[in-house]
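Structure incoming, see below.
We call the chains A, B, C and D, going by the order they appear; numbering starts again at 1 in every chain.
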Amino acid sequence: MKAVLEVSQLTMDFGGLRALDHIDLEVREGEIVALIGPNGAGKTTFFNCITGIYTPTDGNMQLMPAQGAPVRLNGLKPNKVTENGMARTFQNIRLFQNMTVLENVMIGRHCRLHSGIPGAVFRPPANRREEKQIVEDSYRMLEKIGLTGYVNEFAKNLPYGAQRRLEIARALATEPFILLLDEPAAGMNAQETKELDDLIVRIRDQEQVSILLIEHDMKLVMSLSDRIYVVDYGKRIAEGNPEAIKNDPAVIKAYLGEEIDA
Amino acid sequence: MKKPIGRFIVLLVALAMAGLMLYGCPQQEEKKAETAAPAASAPMAAEPIKLGVAGAHSGDLASYGIPSVRAAQLVVKQRNAMNGISGRQIEVLVEDDVCKPEVATNTATKLVTDKADVVVGHICSGATKAALGIYKESGIIAMSPSATNPALTQSGDYPNFYRTIASDDAQARLQVDFALDKLGLTKLAVLHDKGDYGKGLAEFAKGFLEADSRAEVVLYEGITPGAVDYSAVVQKVKRSNAEAVIFGGYHPEASKIVQQMRKKGMETIFISDDGVKDVTFIKVAGEYAEGVYATGPVDTSKNPIAVEAIEAHKKEFGEDPGAFYLNAYAATQALLNAIEKSGSTEFDVLKKTLQSEWVATPLGIIKFDERGDAIGVGFAVYQVQGGMFATIEM
Amino acid sequence: MMTLQEIKKSLFTSLWFMFLTFPIMVIKVNTIEKTIEWRWERMAAVGLGAFVLSFVWRYLIQRKEAGKKRAEVGSEDNVPLIPRLMSDRRFYMPGLMATIVMVVAFPFVFSLYQTNVMITALIYVVVGLGLNIVVGLAGLLDLGYVAFYAVGAYSYALLNVHYGVTFWMALPIGAALAFLFGILLGFPVLRLRGDYLAIVTLGFGEIIRLVLENWNEFSFGPSGIANIPKPGLFGLDLSLQQSTTFIYFLMIGLALMTIFVVRRLQDSRIGRAWIALREDEVACQAMGIDKTRTKLSAFALGATWAGMGGVVFAAKTTFINPTSFTIWESIIILCVVVLGGMGSILGVIVGALILILLPEYLRAFSEFRMLIFGVILVMMMVFRPGGIISDVRRTYKFEGLGNKAENRGE
Amino acid sequence: MDYFLELFLGGLTRGSIYALIALGYTMVYGIIELINFAHGEIYMIGAFTGLIVISVLTLLGWNTVAVIVIAALVAMIYSAAYGYTIEKIAYKPLRGSQRLSALISAIGMSLFLQNYVLLAQTSNFLPYPNLIPEFTFVKPIEHIVRSTEIVIYIATALVMVGLTVLIKFTRMGKAMRAVAQDRDMAMLVGVDVNRVISFTFIIGSSIAALGGVLVASHIGQVNYYVGFIAGIKAFVAAVLGGIGSMPGAVLGSLVLGWTESFFTGYISSDYEDVFAFIFLVLILIFRPAGILGRSQTDKV
């Protein structure tokens, strides 16, 4: 299988603190990959580096779309990263609180469309069509994620689990081929987690999206992932399929004292 | 939630409507009254003469506008106590323009709508220029106590404009002549406060000095009004070795600069303008005011009308009058006098009367030339001596 | 109603205010004459006033709290009155008709003064709507907005003085120049956040004003530019009354155009991006929105309206000088936006009308004018912090696939 | 060299004056993130109250250094009371609303206070007696620096030291820091947030009043509008230094004072403010959170 995301020797220093230390990681087409590690291991920093929010100190990051040439991610702004086909969600939910659910998803469509200021003012037919299309596409996306019931609600009024799912819908609306999920199950109850599990698999299959996720819920990680990377203190300490990871002594050592829910 | 908002909106609309009614309707009725009885247009004895007073009455320049209001009120009060003008009482319409042109146009239209017969104002040249067109259209004469911009009288664009203050160029000429002829100075610094009054004056002073081979302008700077400290500028004056400073601006900045100069042991001569020739300047600058020169209308301290005007202010308001008080007092008197002498508030009649009839004011016995500048306000140079402005013989 | 406790509280308030206002209200010193005037009667007035007002204050605060609670419980008819009325055709149509009649008849029914003031208010509607794009939609606090207003006004005045450019040509030129300035000034500062942006824009506003004040050769300095022609109408010679009426209708037209354009912008891809940017910058970027470009477009578009407003302003007053473009002006325009209700077009219109008409109608109180204006600003904010027309941002409402997605109107 | 020194000291005077106002700005901002536009007016009220006290005492025949000390103290008490009251009326009911609403409320307050003093007192400039004694040791350098200026330097330094001690070492200081960092969290751990905010206003206002009395003594006059301009400048200084940071406010003020002074001295005072603002823009472009402000990156 072809790789879609390739990260090599990624290093990130904050002042004197090395948050990421020469990390290699690869996500292949159609894979669900998990990135795990104890709190403060550098997982979210890793996400922030590859999505352009932080500028890494060193290393190489590359996206490989199905068609076209590979794109080097170093130095790209977050919006360019998204334009190139990698979308993400956030650990601390960052929805547009005072916009409706539908509008949140519509924002996700932004980068795939091009109508500018003249279009907005004069509304030529092409523009009207595009607007209509955005609404319909966004609604379909909500259907897929199962949020149609909330379509006209303000995002801030949604229950917690629904907010997490809305973040996924919004990210998917940007038409990524790789989706980064930062603790999608955080704060969810068992039932909701189960549904999320199904949803992620369904997304992968229906949308042909590769998925890289950070997660603490080991049960979810183990059942979902094709492969798992483990980081600790900014270093990659293990990589492999769930079975291998479960039995890896380095991983057990890193998590010592922490509960492994598997 | 619903009710309060509803009520609020209703209240708002009601207020707006009430406001409109208040301002719109009386005027409507008047219009009707006029058309119904054309005879009403002839002034009836009971109908008051309306004197508009416009200028900055709030905001940062209120201290230059409020004295004019008080001057007008005092003159009018005195007049009304003596049975007004041929039995007609005088009513003062006070309108604020904050010294901003755009507000001044509203102020002017308000006065026009309220049927002001004549206007004392505005205070700032800019606001005056913006307002004059509106008065002109309505045949109203405006007389400013403080707008000094030369174009106001010299351009010919404002036939309805008069003033009781010297224009910038006249004052600057006097200052420069005094500095060169009388004091024999050769190195001068010209400072101003960046305002339309101060900078206008300073520009002329600089121009006159540069045109004269006897002297040189060693420093030309605008200071920032309202600053908390002027030591940098003062040091600069010191370093420029200027023998004298010609300052265009108002007394608050003048007194700050003079104080700082004197406190730093500088004896530099200080020459300033009508905006500084004000009792407040001496009171504020205290001992440091001694020796400062300022140009201003001749003879005000000995003029009994001026003395009386200042006394009246102290009695009424419990403090010394502020800037341009006497100018405004004179303007009000001149306007009322012209109305009385001509028995009319018609534009042409009034204009002629202003130009022909002499009137005794705190500034002297004056009338106006055809451009609108006052004749008879002799300008003189004063020096602060023993806490008083003393005339310097030229 | 009036419990002993409340009376005690009010008594205390009254005493407190008597103490507070004691030096400034009661003692009037004349440092020049070295006399003191004691005005004890004022103290009594303050005490009595504070006593009564404290009851009113408490009552209003309680009412506001009660309202908040009700809103939290979440009753369905939470939609404010005006949008509700507007969505009902029975009210909407007659209301609209009445408004149109009123607007058209205005200059003929009311005096020159009223029309003149209304023109000023309309200029603020246009300029306020422009600033609404920047502050209300994109969430960029701009305290130097008046700079673009000045750019518009001076471009007309200067082009007219030097090249005899007419009003109608100056209108697009002024707008374009303001747009350009928006981009020019926006570029270096838009990476700043919140209040840092506010102070830098304030700085830019002041820089423009100070340059206009100091650079005589360019701008004629503080003495300004006089005799700027009013807008022409096919070369007709208009009297003051006529030209005022003409400018009035011109402004109505311009205001309608502004409303039209701003509404469309708001409901477009760009408009959504602005709102998203206001809500969360990081998430916005992560959704593929170019932060700099989006901010810049909001900043420059907002500036454009200020430029246009400036051109009309210069034409209306016929005289301009830097005193019209101080920081207070920026503040007033900002007040228009916030007071009316940020992000809402109707709000900005209401805000502009109130803020410009209020001081004018307060003229009846002459010297107390600005004092009362200050009090009203505080009171409005305290009792309606979201602005007069709050929470009525139009939202996309989905009404089934295939149908046109209709909007819930303002 | 003398010229340089003179400009340096002139700048120091300006800077110290700005600092006394900027400290209040920055404290309030640090706690409730409000640009307290009325702060300049508090400073003005302080100056006026001081003047009233001085005049009354002078008329009673007092004429010693004690007068200025008492005047400054009374001014500080009154300004503190004003600050406290303003917060209760105009800002407290707005807590939890949009920040801009509070800003407009502050602007309204500023307008109100200006006109209140204008109406209750006078529109005229009033002379301000300088009762600060001439120290003998200043005599030889009197052409460069005056006693009043030295008092201003010392006052600013003392205020800064005092505030640092207050913030660092007292219970209230700790509470203030906690509220500044995270108001909700502070409330959870039992900090009385209302009290902390009131206290901040009280301290900030009394410092401004001290500034008011000193500055008015220095420049020898006062009117109802002096607060606005000084307030804007002080706010710029606070932002320059990094708003919310107290050493930043002082540093920013000094930098601004020197910038203005040297620019005026060596170039031109025409564009003094233009330069000050351009300088501010440049600093903020390179250090987006001011000189001493910690640039906050969003937690993602």
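Convention: a contact is a pair of C-beta atoms (placed from the backbone, for glycine too) under 8 Å apart; a residue touches a chain by one contact, two chains touch by 3 or more.
Every value quoted in this text rests on a predicted model; they were computed, and no experiment measured them.
Chains making contact with chain B as well as with chain C: D.
Every chain gets a centre from its CA atoms, and the centre nearest the mean of all protein CA atoms is that of C.
Looking at B-D and C-D side by side, the one with more C-beta contacts is C-D. Of all chains, the one whose Cα centroid sits at the greatest distance from that of chain D is A. As a whole-number value, the distance joining the C-alpha centres of chain B and chain D reads 34 Å.
Here the CA centre of chain C is 29 Å from the CA centre of chain D. Put simply, the C-alpha centre of chain A and that of chain C have 42 angstrom between them.
For the pair chain A and chain B, the distance between C-alpha centroids works out to 70 Å. Of all residues in chain D, those touching 2 or more other chains are 115, 122, 126-127, 270, 273, 300, listed in ascending order.
Looking at chain B, one finds that residues 58-59, 194, 222, 280, 283, 319-320 touch two or more other chains. Residue positions of chain A with contacts to 2 or more other chains are 53, 90, 94. Against chain C, the residues of chain A that register as touching in their complex are 51-53, 77-79, 82-83, 87-88, 90, 94-100, 102-103, 106-108, 110-113, 115-117, 119-121, 123, 130-132, 134-136, 139, 151-152, 154, 170-171, 174.
Chain B makes touch with chain C in their complex at residues 1-2, 4-6, 8-9, 12, 16, 19-20, 22-24, 27-28, 57-59, 94-96, 99-102, 104-106, 109-110, 112-114, 124-126, 129-130, 133-134, 137-138, 149, 151, 157, 194-196, 199-200, 203, 222, 279-280, 283, 314, 318-320.
Within the complex formed with chain A, the chain C residues making contact are 261, 264-265, 267-273, 275-276, 279-280, 282-291, 297, 301, 393, 395-398, 401-402, 404-405. Within the complex, the chain B residues that touch chain D are 58-60, 62-63, 66, 194, 221-224, 226-229, 231-233, 235-236, 239, 251-252, 255-256, 259, 263-265, 280, 283-286, 319-320, 322. Residues of chain C touching chain D in their complex: 16-17, 19-21, 23-25, 27-29, 31-32, 34-36, 42, 61, 64, 135, 141, 188-189, 191-193, 195-196, 198-200, 202-204, 206-207, 210-211, 214, 281-282, 327, 331, 334-335, 338-339, 342, 367-368, 370-371, 373-378, 380-383, 385-387.
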